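Heads up, there are several structures right after this.
Shared chain: chain A. Partners: chain B in the first complex, chain C in the second.
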Partner chain A sequence: MSDKIFRVNMTELTVSVEEVPQNWAGLGGRGLTSTIVAAEVPPTCHPLGPNNKLVFAPGLLSGTVAANSGRLSAGAKSPLTGTIKEANAGGTSAQLLARCGCKALIIEGQAKADSWYSLAVTPAGVAISEEKELIGKGNYEVVQTLSKRFESKRGVITIGPAGEMKMEAANISVMDPDGNLRSNGRGGLGAVMGSKRVKFISVDPQGGKVTIADPEAFKQANRAFAKALVDNPVSQTLGTYGTNVLVNVINEAGGLPTRNFTSGQFEGHDKISGETMHDLIEERGGVVKHNCHAGCVIQCSQIYNDANKQYKTSGFEYESIWALGADCCVEDLDDIAEADRLMDDLGIDSIETSVAMGVAMEAGVLPFGDGPGVCRILREEVAKGTALGRIIGNGAGSVGRAFGVTRVPVVKNQAIPAYDPRTVKGMAITYATTPMGADHTAGYAVATNILNVGGSVDPLSKDGQVELSRNLQIATAAIDSTGMCLFIAFAALDDPNCLPRLIDLINARFGINLTGDDVTNLGKTILKTERAFNQAAGFNNADDRLPEFFYNEPLPPHNLVVDFTGEEIDSFWNF
Partner chain B sequence: MKLTVKLFAYFRDNRFVAEVKQYPEQATVADIIGDLGIDEKEVGVTMLNSRHCRLDAHPQEGDILAIFPVIGGG
Partner chain C sequence: MSDKIFRVNMTELTVSVEEVPQNWAGLGGRGLTSTIVAAEVPPTCHPLGPNNKLVFAPGLLSGTVAANSGRLSAGAKSPLTGTIKEANAGGTSAQLLARCGCKALIIEGQAKADSWYSLAVTPAGVAISEEKELIGKGNYEVVQTLSKRFESKRGVITIGPAGEMKMEAANISVMDPDGNLRSNGRGGLGAVMGSKRVKFISVDPQGGKVTIADPEAFKQANRAFAKALVDNPVSQTLGTYGTNVLVNVINEAGGLPTRNFTSGQFEGHDKISGETMHDLIEERGGVVKHNCHAGCVIQCSQIYNDANKQYKTSGFEYESIWALGADCCVEDLDDIAEADRLMDDLGIDSIETSVAMGVAMEAGVLPFGDGPGVCRILREEVAKGTALGRIIGNGAGSVGRAFGVTRVPVVKNQAIPAYDPRTVKGMAITYATTPMGADHTAGYAVATNILNVGGSVDPLSKDGQVELSRNLQIATAAIDSTGMCLFIAFAALDDPNCLPRLIDLINARFGINLTGDDVTNLGKTILKTERAFNQAAGFNNADDRLPEFFYNEPLPPHNLVVDFTGEEIDSFWNF
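The block that comes next holds the complex of A and B.
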């Protein structure tokens, strides 16, 4: 089956299937979403208006048996940041879209505000239907209802009430193999989907398969690639403790932002740690190792049960646990799990919303440490779209502006995640410069600053950090374009066998001859394309700065500030 | 010298979370790791008083030594 571009116009309620333009042929994932957004979306458009476009793209290897190839990229102009945005997620839909022959799904225009719609993707194209039953419903009810409504097992991509209300922190949820939820989390792409009046998208390949140009070479490369992933010790601890294994090491290093970014260490760290979570999951009959998409060999996800051994949440990630835990000073992992579940159901980013809660705590809206209070606000304010709920649902920057708080940890209005840039200095450069707004995944300097993966660079000194962040951001843009899970990077950074086998896989899939240099150049091109969009939208290097308090409030225990000059930050772009 | 030793992830299995331990004055971080029966190859990160340290570092009386296996996340 040859790949096509599937296009939906929500103003006209029309669909089309188009040939792939030659210059998009070698792109997937973020490379493709960013290229399409840059080519087709006017940079100055309103993100929630008819001229923005929401683009979904599976990776170059999605739909094949290649290990960890099932990430789904979503892209648009972000209502949260005003920049170009790509957010990716696991779940089953990337694999199924690829098997429909869908290289990208572009949703453009805007339906009239009196109706809601669903989209059904099959190898024949897209069908638009009016939707009534599921409007206003949470994501869990959406996936449960649809699994009964459809006879065949389909992929589901959905927005919750937050997306329907066009909150700037709204995410897009993707059903995983067990009927639970993964999220294209950051940047408010759920609000863009809501602005198009699309409640959900189902994906049914109807037996369609991805064509492999050289099946034997593909099989051999995949065996070696999967082995490199499985053998990597980072993969092994990720499977056992999840991403939450990081709480204790980042706390020990003094870089765990605590009490709205006023300390780098949290007294209750061990109560919310990956080690504690692992033991609780075992005690309560949960699942320690769980894959968010078929073909994942790392299995960093898990199923977390409550004290009554009933399912509470899955994909319970370090970032969410840090934000509600240390940043909001909530020490009870069950309160955090309840909030995580509520946010998944509402369809709202658990990083942005939780950091927003920390700013709200500083403003006195609720006390630090009030886990039940966080859950109450999610249920009674955010879910109902009250004035306070919308202020919080529009993110940390929104809360800061509404309540006059000056300590607001955002870059380009997106909340800074779980590594303080004063003590993990490589992350200062990544947060400041990535075209995405503060995003840890864009250039994960934590690996080299804290974890000694891919070498070691002193986290407390600014020496070498610009170069480190640059190299990581280029490599990440390339990996995001393959549609691979970013956690392959831990193996790729230290195992010389890993990345060449990935390139072999891409070559065997398409019958081409990519080299390592081609992949690096792809990463550079994507970053420059994204930056050019932002500049045309009105951003300049003054936007590539951290909030003022990072420069003048020393962070205990190391009592350091961010000390990069503007020129040093801007030198990131010298490539 | 007395040190507080903190262990993380599976290094805690059949050992401890944190203990005050007595070591000879000249002991290096590597010596302490060996004394704990941990395979040096499995060690990813070591910190003395919240700062990264090498395996040949010499801890001082009262220091806090944290030992992590190779880990990652994000």
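The block that comes next holds the complex of A and C.
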């Protein structure tokens, strides 16, 4: 059985299963979502109108036993940024969609506003049903209810109340192997799903499997690939402390944006660090090392319990903890965990929303450090869709405009995450140039600027940063197409045995002969496709800039500013 | 005494009086504000930060006895649109500033956030004082208090609470000869003044007068010019019914945007029409024909009294009445008048805010037709700066984003006024191309599309509209530089004796020899200067487009859409 395109038209409430056009055949994940969005979505359409399309695509290796291959890409025109957008998440659905023979699921049109629907994906295609019970419900209740409603174990892709209310920071959540939540976090794709009037999508492969062209070669390649991942020291650290190990590292480097990006170090860093969190998790009987999808050998996730040793949250990432911790000056990990859980349940991006809280604190909406206040706003304002809730739920740029704040850390209206571009200068280039709006995952220069992975480039100097970000963004666009978790990049950058084995895996899966150059070219093509969409939507080089304050306000303790000229930034695109 | 540039630095709290640079010498009004903003404001600066500048300039003829020469231009980078912005208003200050020898007043920098200030302009320059009493007060209280505080009669330029709160629709108000309010309405210039921490500016010429190079020629030209204005039939109609005479005219043409731009005709048009208003004003002992500045011979303003024959509002314009009436479906003129007064008092643009209310009605924030609800939101939300108040106070685009509405009538984030571009197609070109964001005054194609002034171009066809809008925008940019009210354009378009006499006036004032071509070239240069600023700020042709729904949703009763191609719109700039 060859993979197909599953298409749903929500205006007509019709479905179809289509052959894969030849020029989409070699694509998966981000490569495929971006190609489809660029081909089928009018770049100037309203992101929440009927002409936008929401596309899901498992990666090229999703559905196989390849290590770390369970990421699901979602793509559309973003209501937050107005650009093309891809966001990917773990959970079980990438693998199950692939096993349905679904190369991509395209949701187009727009149902009338008086009903909500669910989609059920099986190898036979998609069925549309009206949904009433779960409308208005949080993501935890959705996955729990559906786990009971369905007889067999299925994948679930859902939006929370934020997506239903079309908030621009709304995410899409994917059920993970434990029945908890992983998110296609950034860019408001949950609002696009809400605008289509789709509450959730279930995925049931009914025993279907993906076919491997050369099973023996695949097995061998996977063994070597997994070993490269497991042996990598950064992977091991991630397994022990989670991504939150970065709090102390980035604080030490002076690049931990604090108090709405007015300092690069946070006095309370020890209270929210990965090391502190590790000990607290062990003390409370949580799980330190935990996977977000089957086949993950890095296991950077964790189960964080509350003081009563009850489950509170998982997938508790550095960027969320930084945003509520350092950027909002909240020093209590339990407040941060409570907010993280609330955001997961509402279905709203924890980076965007937490940075928005930092801007709101600068505006005087609540005091810096007020963790309970953050939770109250999430519960009483965002969840209820009050006016303040909608201002916050539309992200940091929205809060800045609402309250006339001039220090608003966004690029293309998307919040800048946990690495200050004045001190980790490679990230200045990534934030400015990625077609996604400020996104650390698009080209994680932190690796080479701070972690000395893939060599070493001085974070405090602009020398070499454009080339670094360019190489990383090209590689990332390719990796995002495989279904692989981005954290394979640490091994890929340092272990010469890693990337070739990944290519072997793809070749063995499809019976083809990709080379390393082919993969690089794929990455370049994806970036250029995305940029062309943005340009047709009206973006130009002036949008590839950081906010004014990064150029004018030196950041303690290094007291540096962003000093890239426009020409230097634009030279990123010389490839 | 030759005119000078008065400059105030709010960061340093310093003032200076400077010679006029040679290349600014022949400029006034919009020509001068746009030239100064383009020369001195970094195009990518935050509009509410210290690098933006707020510039006031009387017109070339302001301060003289020339008919209708009392408009005051204000300019800056707009917080609403992000573009360069000029908005002009009547009132007494243009003439008084000119009589102070002030060619332009430039306010730069930014005072610290713990104090507010006022500026006092005299022929000697500017004095800065700390202000406490009037902070937080509405515009009516400001002008009433200042009329008592000052011994002599002065001009007053002020912001209301909306400007203090830096709302993006905040305007700047200018006291008129009766001590009431006129507004530099559009684009949020009041927020820029608020960001500088300047509450009000007083203007006292202390007996100063402008010098006329050739008084006899001036007098003769003015007599002929005023006669052309007085004799013009459109001017006469404006004097009788005010601008609100247009309700029935535009409704009949099917271009009266109704119920948030879903129809071109409003069933309740008779209840809010200029004819109805005229009778009601007479019945209640108001004033039908009234001037907003000394020397106006058209007198389109009026004094609108309430049912108890007490003053309610003045300068009660068609566009405001349309927006609350047809667009929000409010059929009670008294509700509309109350809202108009509230907006004047808050210091917020009545077009932007009322169109925002229409979008809020579509979002379900309040029902269509709920006039008292509009007043309640103005009083209890906008005035108090609540979250909802800030969403509304930031304009129609803000409301659309907050509530996920896709039918949002804005260009460059500024609300489209009272002429639907699907039915009055010349206005489609003006809205799309003017560097100001959607602004009917930038090139009032309604004149030739509907009123048969300056010839006749079929409003329902796109033929000839680009050329029409181009000619009008060039002429308007020039007229906006003279200090003249735009309503001289009706006579200028139809009476061959009008425009030459205006040029005679300028020549007699300065002892120069401008020709008609010089004036046309001035208009072209202004437009190109403004566009160059916008391009440097990041705008491009993609921003010169109307929202998607105008291309997709036919407007009853003519059931037309906007059908200009991008190339056709862009050909506007071929001059």
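Note that in this section the second predicted complex is superposed on the first by the 575 of 575 C-alpha atoms of A that agree within 3 Å, B and C clash if a C-alpha of one lies under 4 Å from a C-alpha of the other, contacts with A are read in each partner's own complex, and residues count from 1 in each chain.
The rule is short, and it goes like this: a contact is a pair of C-beta atoms (placed from the backbone, for glycine too) under 8 Å apart; a residue touches a chain by one contact, two chains touch by 3 or more.
Keep in mind that what you see is a predicted model, and the values were worked out from it rather than measured.
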| item | value |
| --- | --- |
| Touching partner for A:E548 - first (chain B), second (chain C), both, neither | second |
| Which superposed partner A:L246 touches (first chain B, second chain C, both, neither) | first |
| First, second, both or neither for A:G254, with chain B first and chain C second | first |
| Partner chain(s) touched by A:M165 [first = chain B, second = chain C, both, neither] | second |
| Partner chain(s) touched by A:K271 [first = chain B, second = chain C, both, neither] | neither |
| Partner chain(s) touched by A:K289 [first = chain B, second = chain C, both, neither] | neither |
| Contacts of A:N394 with chain B and chain C, given as first, second, both or neither | second |
| Partner chain(s) touched by A:A191 [first = chain B, second = chain C, both, neither] | second |
| First, second, both or neither for A:K524, with chain B first and chain C second | neither |
| Residues of chain B touching chain A in the complex | 6, 8-10, 12, 17, 42, 44-45, 47, 50-52, 66, 68-74 |
| List of chain A residues in touch with chain B within their complex | 233-234, 237-238, 240-246, 248-249, 252-254, 265, 270, 274-275, 300, 318-319, 440-441, 444, 446-447, 450-453, 456, 458-460, 486-487, 490, 557-558 |
| Complex interface listing, chain C residues touching chain A | 44-46, 48-49, 51, 79, 165-168, 191, 194-195, 381, 386-388, 390-391, 394, 398, 401-404, 406, 536-538, 540, 542-543, 545, 547-549 |
